[in-house]
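Naming follows writing order (A, B, C, D, E, F, G and H), and every chain is counted from residue 1.
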Amino acid sequence: MNLHVYLAGQIHDNWREDIREQAQSMNLPIEFSGPMENHERSDNIGEEILGEQSDPVFKDEAASSLNNLRTEVLMQKADVVIALFGEKYKQWNSAMDAGAAIAMGKPFILIRPRELHHPTKELANKAQVVVETKQQALQALSYIFEKN
Amino acid sequence: MNLHVYLAGQIHDNWREDIREQAQSMNLPIEFSGPMENHERSDNIGEEILGEQSDPVFKDEAASSLNNLRTEVLMQKADVVIALFGEKYKQWNSAMDAGAAIAMGKPFILIRPRELHHPTKELANKAQVVVETKQQALQALSYIFEKN
Amino acid sequence: MNLHVYLAGQIHDNWREDIREQAQSMNLPIEFSGPMENHERSDNIGEEILGEQSDPVFKDEAASSLNNLRTEVLMQKADVVIALFGEKYKQWNSAMDAGAAIAMGKPFILIRPRELHHPTKELANKAQVVVETKQQALQALSYIFEKN
Amino acid sequence: MNLHVYLAGQIHDNWREDIREQAQSMNLPIEFSGPMENHERSDNIGEEILGEQSDPVFKDEAASSLNNLRTEVLMQKADVVIALFGEKYKQWNSAMDAGAAIAMGKPFILIRPRELHHPTKELANKAQVVVETKQQALQALSYIFEKN
Amino acid sequence: MNLHVYLAGQIHDNWREDIREQAQSMNLPIEFSGPMENHERSDNIGEEILGEQSDPVFKDEAASSLNNLRTEVLMQKADVVIALFGEKYKQWNSAMDAGAAIAMGKPFILIRPRELHHPTKELANKAQVVVETKQQALQALSYIFEKN
Amino acid sequence: MNLHVYLAGQIHDNWREDIREQAQSMNLPIEFSGPMENHERSDNIGEEILGEQSDPVFKDEAASSLNNLRTEVLMQKADVVIALFGEKYKQWNSAMDAGAAIAMGKPFILIRPRELHHPTKELANKAQVVVETKQQALQALSYIFEKN
Amino acid sequence: MNLHVYLAGQIHDNWREDIREQAQSMNLPIEFSGPMENHERSDNIGEEILGEQSDPVFKDEAASSLNNLRTEVLMQKADVVIALFGEKYKQWNSAMDAGAAIAMGKPFILIRPRELHHPTKELANKAQVVVETKQQALQALSYIFEKN
Amino acid sequence: MNLHVYLAGQIHDNWREDIREQAQSMNLPIEFSGPMENHERSDNIGEEILGEQSDPVFKDEAASSLNNLRTEVLMQKADVVIALFGEKYKQWNSAMDAGAAIAMGKPFILIRPRELHHPTKELANKAQVVVETKQQALQALSYIFEKN
């Protein structure tokens, strides 16, 4: 049995790479996917494909139509969705993706630093598992495959 | 035909009351619902019902289990979901509710000030309608009932 | 038992009014709904609510976001969907609504003049009932309520 | 990860072959499917399998039952649906397929020349991505697979 | 609480009338619906609405499109589906309706004489309740409303 | 807005009556339903309707087919499901009903004495709200209706 | 692309073997499944696994629980469902399977001799394709894979 | 065709190992999964991953969040769910898993000793197949693959 895990959440550091590498070193049969992590490309992808837009709102609309295409295709393929929240940025699309994943019946793991417990409280309550570190999320994934 | 509209989003001013009153003055046959708007009660409801909890994380978990019960029951009843985002606070549970509403196939209207276009861009792209003011959201609701 | 019937399709003559009136004279307990039938208002509703747009494509995008909101809300309420196709106009949104209705499991009645049998053939094959006149569609609706 | 992409829409030129070839030259792991592109065979398939029919309407009904079988099987397999609209023909079954794909929750890409923006406006608003050329649709598909 | 019960099955005697009358005398708050019970009208309804057809197969196709419209609308409204099988006739559409009801998650009661236990065995196994008489089916419905 | 609340769980004391009465004194617009609470009737209902069975297993099968009919009809109507677990009896059908309610997306409230926390732990984790007393469950229901 | 096709319907001759062989000779990438075709084993499987039952009704109930397990597992895997009706036997479980397949959204092909058009008329109307011979059903399957 | 079978139920003896071994010796193409069978690890997994909890209820909540993650992922992958009930322990999470499996439309096999027929009666009525031994459950699985 293989699993597909979608890594939602912030794209401001390389936390996904850490998870991919550790999963590989633990020999977990998991394929990971996630959003475009190159922040600039993620913001510009609309104009890169569709051409220059007439104002910043339309530039954002164009980019997000492509980012959401990617998310929708990959999240429908996912067996588990993980989202990591950090201190910075608004991260509303991460929270939206989390809400969508839960409503689609995807088992959902939330990673958030303990200090963020208050603003993530409704998300945490909806998550199947809440952890504070990437390492703990990997242990949760590993537990799915464990023989006794 | 009557509609049930769930008003997700921030609970830091009385925007829902404005919408309720204007809808009434426009004679729209709409029943509105939403989260507990008394912020303090929303934060304390867990301890009020379940008793004092041993630390702030568990206090939040208790409160959010009741807030999510309310949201889940009311959002399943809703024909339309509206969310208003403002400048302040993290509003992650608003974004989660929006994601859930969209994934449940509920027609969704986003109200956000123009300045917030960048952080709301993926939400805006998923919304059926994006407006900047409460008045515009009401006009959108009113359009559903309009005879030609 | 009452039924809600959504009348999709062209908005270039008053065929819906004919159906409403005849249904009333037949005492059928049916509530009808449909798109905005004032063509000009349907095309301009985006700018009327959201303000002037910077070019015709964005004007259309704004208008269709509101037209689709209306369709989505009303079609989810419908027990039966009827679409009438005529000789004129592209009527792609009618065909899209028909496809959506069928995929949502809504019983679907197609009204089309016999001459249009070739371009409507896949639609006709998907429809539960295919008729050529409004009168026949009303007889089909009436048959649902008939005592033996 | 491989994707299955269904190419709905007009069958009057070889646009699907262009897409297939370019996808291959870009090494995209995509399997494409679509309707019968031989227009004559698509129109005659009913009589070829079921024998001569008594009039043109029944000939069309027979053919469309087989065309819709093909579409239904392939579209249920698809991860993404793309439809291309052109200037000619009524293309109502393309619009119906688009509506069905969207209602089934399939991420949907619309290709249409800019001049068609008005008659496709409700379709465009429902699409996840709207582009004007086959090349742009391929870039959108490619973006799903991109590493940062 | 009211219930809507769809009475599928044979239309060759007045078993539905018996059930309706007994339910009324038991004061059960149940609205019953079912297929057209006038056998001749059920067979001719296609030609009555759509005009004379060119051969018996097309006459049947026309009639069944209207009979299935009626069944689909009413069965989607139903909280419980009951089907009665008798000794005579093929009753394949009754069995099809039963299969559809079960697949749609509708609680299903099968009424069949004991002698028919062998040919109804897979249906009986799928039914929530299997009885031999109309009276027993009514007792089952009544049990849903009973206070202790 | 009215709610329908299904009260699953043990039928060995009159806890449902307490809840109904308190809800009424709190003026909550809630209709409650639940299983047959007369234990003997619940065990004998199969033979009462279907006649004497040839052994105790078949007597149980007959009874449970009717009990499950009742549960299925009522639980599909419910907006919220509550289950109360007590110290006595195996209560496996209560746990099955709870699992079904959760899988059907019904908001679920678990009432269990604190001492039972270990054997109910997976149920508690799946519940939207976990409380220890009937009074707390009523407060949770009341919170759904509260104005700020 | 491979397809899984479930062959419902009568088990009184070797029509499935014919279809399997012809599909192989046509190089169609199709895996076929179906019910137990050994009629005697199908009738006795309950007692073979669960032991002798106390009367013929219970023998049938035991057998059908296993036959339905098989059908349910295999039909959930199927991309297309085909049912063949013949002159003999009641074939109610075939009609039930057909109804279930259609309600589950499985594309459905009906094979029936022309003489049976009247008793199969509602089934035929619900089927995506209606043919008279096994050969025609294979041509319909083949059409799904055809390049133009 | 391969199947994935989830083995729910008690974790107090090695019944799963017996089933796995016998299935292998019968050459059944089945992949089995199930809960963590090391009882101690199952109870402690929350603290092992998330650290020491402040009281036994929170320890249980932490453990069950991980046990339910595992169950949810694996049960969504399953084609068939089997649950074995024994004399000892409350086994409420087994009954909850059974209820969830049935509500998710997973074909469900119940293994229970005959003596437990009364407390399992509603579960048995909902199960597709009820057997008394592991050997019989394997015969049921084997029957799915049998050629005639």
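The rule is short, and it goes like this: a residue touches a chain if its C-beta (ideal position, glycine included) is under 8 Å from a C-beta of that chain, and two chains touch if they have at least 3 such contacts.
Only a predicted model underlies this, so the values are computations on that prediction, with no experimental measurement involved.
Visitor: Among the remaining chains, which ones contact both chain D and chain E?
Guide: The shared contacts of chain D and chain E, listed by label, come to C, G.
Visitor: Going only through chains that touch each other, what is the minimum step count from chain A to chain F?
Guide: Step count on the best path from chain A to chain F: 2.
Visitor: Distance-wise, how many Å sit between the C-alpha centres of chain E and chain G, to the nearest whole number?
Guide: 24
Visitor: Per the centroid of Cα atoms for each chain, what is the distance between chain B and chain E, given in Å?
Guide: 43
Visitor: Averaging over Cα atoms per chain, report the distance between chain C and chain H in Å.
Guide: The separation of the two C-alpha centroids amounts to 49 Å.
Visitor: Would you pick out the residues of chain E that each touch at least 2 other chains?
Guide: Within chain E, the residues that touch at least two other chains are 65, 68.
Visitor: In the complex of these two chains, what residues of chain D are touching chain C?
Guide: These residues of chain D touch chain C: 56-57, 60-61, 63-65, 67-68, 71, 85, 89-104, 114, 117-126.
Visitor: Given the complex with chain A, which residues does chain C contribute to the contact?
Guide: Per the stated touch rule, the residues are 54-55, 58.
Visitor: Can you check the complex and tell me which residues of chain E touch chain F?
Guide: Listed in rising order, the residues are 1, 3, 79-80, 105, 107, 109, 128-131, 136, 139-140, 143-144, 146, 148.
Visitor: If we count contacts the way the header does, which residues on chain F are in touch with chain E in the complex?
Guide: Residue positions touching the partner: 4, 31, 33, 36-38, 41, 45, 48-50, 65-66, 68-70, 72-74, 76-77.
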